[in-house]
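Next come two complexes built around subunit A: one with subunit B, the other with subunit C.
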Partner chain A sequence: MNADLKRIRTEAETDLLEAFANAEDQLPGRAETHAARRARMALFEREGLPHRRIEQWKYTDLRTLVRQLAPLAAQTANASAPAPAVEGAVQIVLVDGFIMHHDAVPAGVELRSLRTALEEGAVELEGPSTADRAIDALNSAFVADGVIVSIAPGASISTPLEIVFLKSPSASMSHSRAHIIVGEGAQATIIERHVGGAGEAVQSTIVTRYAVAEGASLDVLRVQDDGAEAVHLGETAIDIAGDTAVRLMHLGTGAKIARVETRATFRGEGSRFDVCGVTMAARRQHLDHTLYVDHLVPGCESTETFRSVIDDAAKGIFQGKIVVAQDAQKTDAQMASDALLLSETADMVAKPELEIFADDVSCAHGATCGELDDDLMFYLLARGIPHPQARKLLLHAFLSEALETFDSHAFEDVALAAIEAWLTDHANADEAASAS
Partner chain B sequence: MPAVQETIEQVRQIDVDKYKYGFETEIDTEYAPKGLNADIVRFISAKKGEPEWLTDWRLDALKRFETMSPPTWARVHYPEIDLQELHYYAAPKSTEGPKSLDEVDPELLRTYEKLGIPLKEQEILAGVRKQGEPSTLDDAGIPDSLQGKVAVDAVFDSVSVVTTFKDELAKHGIVFCSISEAVHTHPELVKRYLGSVVPVTDNYYATLNSAVFSDGSFVYIPKGVRCPMELSTYFRINAENTGQFERTLIIADEGSYVSYLEGCTAPMRDENQLHAAVVELIALDDAEIKYSTVQNWYPGDAEGKGGIYNFVTKRGDCRGNNSKISWTQVETGSAITWKYPSCILRGDNSVGEFYSIAISNGMQQVDSGTKMIHLGKNTSSRIIAKGIAAGKSDSTYRGLVQVARGAKNARNFTQCDSLLIGDTCGAHTIPYIESKNAKAQLEHEATTSKISDDQLFYCLQRGLNEEEAVALIVNGFVKDVLQKLPMEFMVETQKLIGISLEGSVG
Partner chain C sequence: MLEIKNLHARIADDGTEILKGVDLQIPDGQVHAIMGPNGSGKSTLSYVLAGKEDYEVTEGEVLLDGENILEMDPHERANTGLFLAFQYPLEIPGVATMTFLRTALNANRKARGLDELSTPDFMRVVKQKAAELNISMDMLKRPLNVGFSGGEKKRNEILQMALLEPKMGVLDETDSGLDIDALKVVSDGVNALRDPKRSFLVITHYQRLLDHIVPDVVHVLSAGRIVRTGDKDLALELEARGYADIIADAA
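Then we have the complex of A and B:
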């Protein structure tokens, strides 16, 4: 009775399959790895790129957003990395997914090439091949190199480790991957920098996987500042063992189309995960942040705080899903997403979900969406503060509130500087617009 | 001692069975042959003596339906329904179209009596309040003689058996009859508004309904008239292997007001029965519609055997400026509930409201919520949803708040709270918030919790047993919504909440 509609492949989808067929021989890994790659590719053969009929991709339809696929990037020998975001940070630079260079790492930190690990069979590209994990699937199919960072058990690394995911300035597709293993009782600070591409149409998938062992403590700062024409598909998956504390701060301002997925899974009791995010979108940017927090075990706490400012004809998307499994009693999870729309043509979508199977829990989420409060604005204007400054002041206050849960000064400085820079850029743009 | 008597009564009611409407009426029923095809659609249409345009409309819907596949996005699980194994039309033999009360089969009247639905005019719903007692409702403008009356349209399987108080309503120019009758008496209204809120191809079950809908209520409130009494429809599924596909259409013309109630029950059976209704509300300038539902279809037994699949499309269109549509629902029955009463806020300054209590126990699955589509300027909406899950049930709130580019100063407030009783059930919240207008202000909050031990201890310590205490606390939890229900439903609902939570403690 139901007509079986045959899917028509878009140009990008056909190109994707072709790119894989051409590249497969050169990709590292043993027979098992190649089988895993092909299994992941089968998803795209079957389903194509994720589209709006797939619930998790409802608002970021890659079939329509990505019409053309850029050629696969080759390894480049020289590119210049930006100065570290936090002074004194140790840089590990990946260009289009390939390790280019790294600074000397402190004791207790070990770096390995993912390529070598794949060739030796020390690492497998395991994972589900389902439409909701499309980014990981795409990355696993194509990934050729990357970095494995291991922090020795008990090591306390005070120097931040900055992994720079640099894209070379030519229209190309790249797949980068980093695995970070934090040993028992270790302490570490990781910065993910996503930059480069200049004004070129670079397309990239970036997967970072964190395995945080018992009693460890990890701070992550993720700065997504890709070029103005970039397509950024990122996934950060964090496995959290018992009695650990993980904090993640996300700053999203770059790329034309960005989909960033954060997936945190509690695997041991008594742990804590705090995530905060600031998204600033303008022009015709499409910035999607999708968050999954899975409470699989009892007695864990999580907080999720997100703030977005959307200007011009940009679109902001926040999807957050907290799952509390049946065993996960005494879970405490609080999620908030607030957004300000700055122009008549800006869009915001929020989908904060709760999926709860345990009864002794305290879970809540809140979402708001609106414009700058007229009363607050009036108050500042009445005190003689000119309109652009007043607006900037209020936006600054709104965005920086998301960072308050996070008491890492180094991260806060980076975030506040990014907010300041964005607001200055846009205040100027607004003034220029009103002058013309 | 009246209190003792009351207690005995209550215990007896509970003891017999948890679902007290599970009986079956022995009555001669005429069926359409099993299956779904163009001939069946023509058969239904011919049975009702419908004009050609409506037959064509149905056939067109069927044609489109054949290209559709069942929706899978909802958080409910059920085996595929074999639509060819259903009777799409079942009617008591003694009923050939609507008639006066005296001619109705006494067996039918007894059925409704047993359900506590008075079909005799002048009567007042049992157990609510005696005639002459002051009402707490806002009765402004309603003559004393009419207060407390409820006009009822009784739908039995596929046909409307009787509609009460028709004459009295006719004096005010109000049309309240079955939709099959309205097709003949007011074809221009039906033709103009049918399918104008829920288009034929809106979704899988709405399209199926458009092809095979059998009966339902039709209401038209003329300009400036405040409907003097509550209108209500009582749906009853009786026959086996049937699906009920009713269609309700309510039109409130400029400046009018109507409050409409809907109730539903079905016998206890081992098989699952399909109920796929479509309800369309239209509010023109300054009109207000208040639509209340107490849904108590048979939920199936503790193992999840049997029960009604309640797949319903309900939508209101605030077409005129300053119009208002308010949905209130109490969902306690059905094996699976899949419904999203929605408001399209098209007119400027229009208001949409949604108040819901969804209670699930046993193996029930609920995926319900609302959609508020803000199109006009200064539109506002409010959503209060309370979900209570017990036993092994799953309760999901799924709601959309959408603000279009032109909906300046739109305002929404959403609150969904879930309460879990026991650790084998699930409560989920899935809101979709989409704003395209900076001037719009949207707020959403949701919480999930369990009954606090402190509250329970406090009640137990005062001599209540655990089940009573839970019922009391739950009643407090849902109070915000209960207050929005018409008086006639409140007493019934409070009892219902007690009954559907029985056995959930311990």
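Then we have the complex of A and C:
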């Protein structure tokens, strides 16, 4: 006997299906694209939002965390982008997923509207419709606009390109997408800036896809600084060809609930990928960083270095999975996640995994979770440094150690400034709390 | 002037009483040494003076120039003029030694109502004091004490003391882990800081250090109390006869 189990949809899940039904006509793309969109929605119709029974979503149960869905954002004409994170960066500004404006781009860089490309059938929304890829699926179903950035083969672009994913300050759901194609032997620096929403309940999916061709080199900085009530679902997928070097720095301080997935896939030999992440969470924030690195081919190296500081009743999650395929001999992969908990109610989950099918590799992973060391603290106090300042010094030291990949790089300055700003805000918030 | 009066302290965690009524007076300009066998409470005394949370004071007072420092937080004690040179200086990856020195010095100046030092002024002061202790600028750029040798760590402690210019320096087994040359450099550094307005409490196991830093008074600490007090010759007597004899005599 087959028990026909009918799942009860949450309000958000019902609204999601309805939002798609209402919006579908206006979404760009030819018949194939629409079929792909509907295939993605069928997943949500069947499975609902990802929940704790799906292994990859165990610690970020969207069904529980997102009870209500905000209405789908319409295109807005006016919004003001923040000053570039790195001085002199060329900005490409998307508001709620729609291109608003962009600065003049240097020679060797070409921008295209994703909307136009979808309408012309020049781009398809490829990807699996499986529950573990819910962010991409949700984004693909709804995405209406976005940007395609192409770096010409051999071009060396010294000016950083900053893609600003701005959310307008009203409760709304938006879906943003960018495809970045780095040509053979090209060099580029990309900044993903996730901001806005003020204190409103903005909900967004943001997918960035990087295709890095042979011999190229790419540095990416991703700053997740969404507003305090935001739900941020981000996926960055990077395809790495042979003899390339990709570095990614992630700074996560924003949003109320954030799930960021980084997916790197080695497709050519002799490449390296270095990712470092700094997460700072307070209040009741829920910040999840989920990482997949697939070593499909031999002779590639990767390092994954994550540091988190969690305070108040916030929760940090790090899931990192390195897969080394049977053919991927001589792989070197080193993953570490270290966290400091600053309060009794702070929470951190770390789940590092190695799945190795090759037999001649050097792989390691480690995770630590602890409190600030009393002895170190006492050493600073004994030198006359007051408690808040001593704590700040130790936290700064702890977090900045994750940034070694970007030693003396412009990104390092951005990260150190972000760490400094968070610690200062935070020390002030603590002081205000203890004074009241 | 440091006055320790009937000081009792225990380990906060398990209540084990370590100091059982220590009385000590160190007038300005004097160097006092405390010697004693393992477990007599020497290091505990230094930590209790500096305010480590692992210990609870159950009785007594500690006055620095008449102010009861036991009521102060550790950083306030430091800024009032108490300096503890650690037996095992801690390593702090990610904090450049220079940043640490500057933060400490400026916190100290702020507490005394002085302006922070400008970068050039700070660099000048550090350079000069570091040179006197054979500390290279390169060493100061490294993370605090990380990968420093035993001698480098202890010289770094003395450099901190030279910068902070305390009223009272407590040296907790500063000679441990030092070879003869390093011992000489560290001792010279301490001697250079001797001043009619500054006093020192030198905690050590061995008489050797006291050949270099010559004390005015030597105390023997045993089972949490001072059981003998004498001049510098008492250290020589200890070296010749061992603690057991002296403690037996005192009892």
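In this text, the second predicted complex is superposed on the first by the 430 of 436 C-alpha atoms of A that agree within 3 Å, B and C clash if a C-alpha of one lies under 4 Å from a C-alpha of the other, contacts with A are read in each partner's own complex, and residues count from 1 in each chain.
Following the convention adopted for this analysis, a contact is a pair of C-beta atoms (placed from the backbone, for glycine too) under 8 Å apart; a residue touches a chain by one contact, two chains touch by 3 or more.
Since the structure is predicted, the reported quantities are computational estimates derived from the model, not experimental observations.
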| item | value |
| --- | --- |
| When subunit B and subunit C are modelled together on subunit A, clash or fit | fit |
| Subunit B versus subunit C as contact partner of A:120, first or second or both or neither | neither |
| Touching partner for A:401 - first (subunit B), second (subunit C), both, neither | second |
| First (subunit B), second (subunit C), both or neither touched by A:389 | second |
| Subunit B versus subunit C as contact partner of A:359, first or second or both or neither | first |
| Touching partner for A:346 - first (subunit B), second (subunit C), both, neither | first |
| Which of subunit B and subunit C A:32 touches, first, second, both or neither | neither |
| Closest approach of subunit C to subunit B (Cα atoms, Å) | 12 |
| On subunit A, the residue positions that both subunit B and subunit C contact, one per complex | none |
| Subunit C residues within the subunit A interface of the complex | 50-53, 73-75, 77-79, 84, 86, 89-90, 92-95, 99-100, 103-104, 107-108, 111, 143, 160, 164 |
| Residue ranges of subunit B in contact with subunit A within the complex | 66-69, 73, 83, 405, 418, 420-450 |
| Parts of subunit A lying in touch with subunit B, wherever the complex brings them together | 1-3, 55, 326, 329, 339, 341-371 |
| Touch list for subunit A against partner subunit C, complex | 374-376, 378-387, 389-390, 393-394, 396-398, 400-401 |
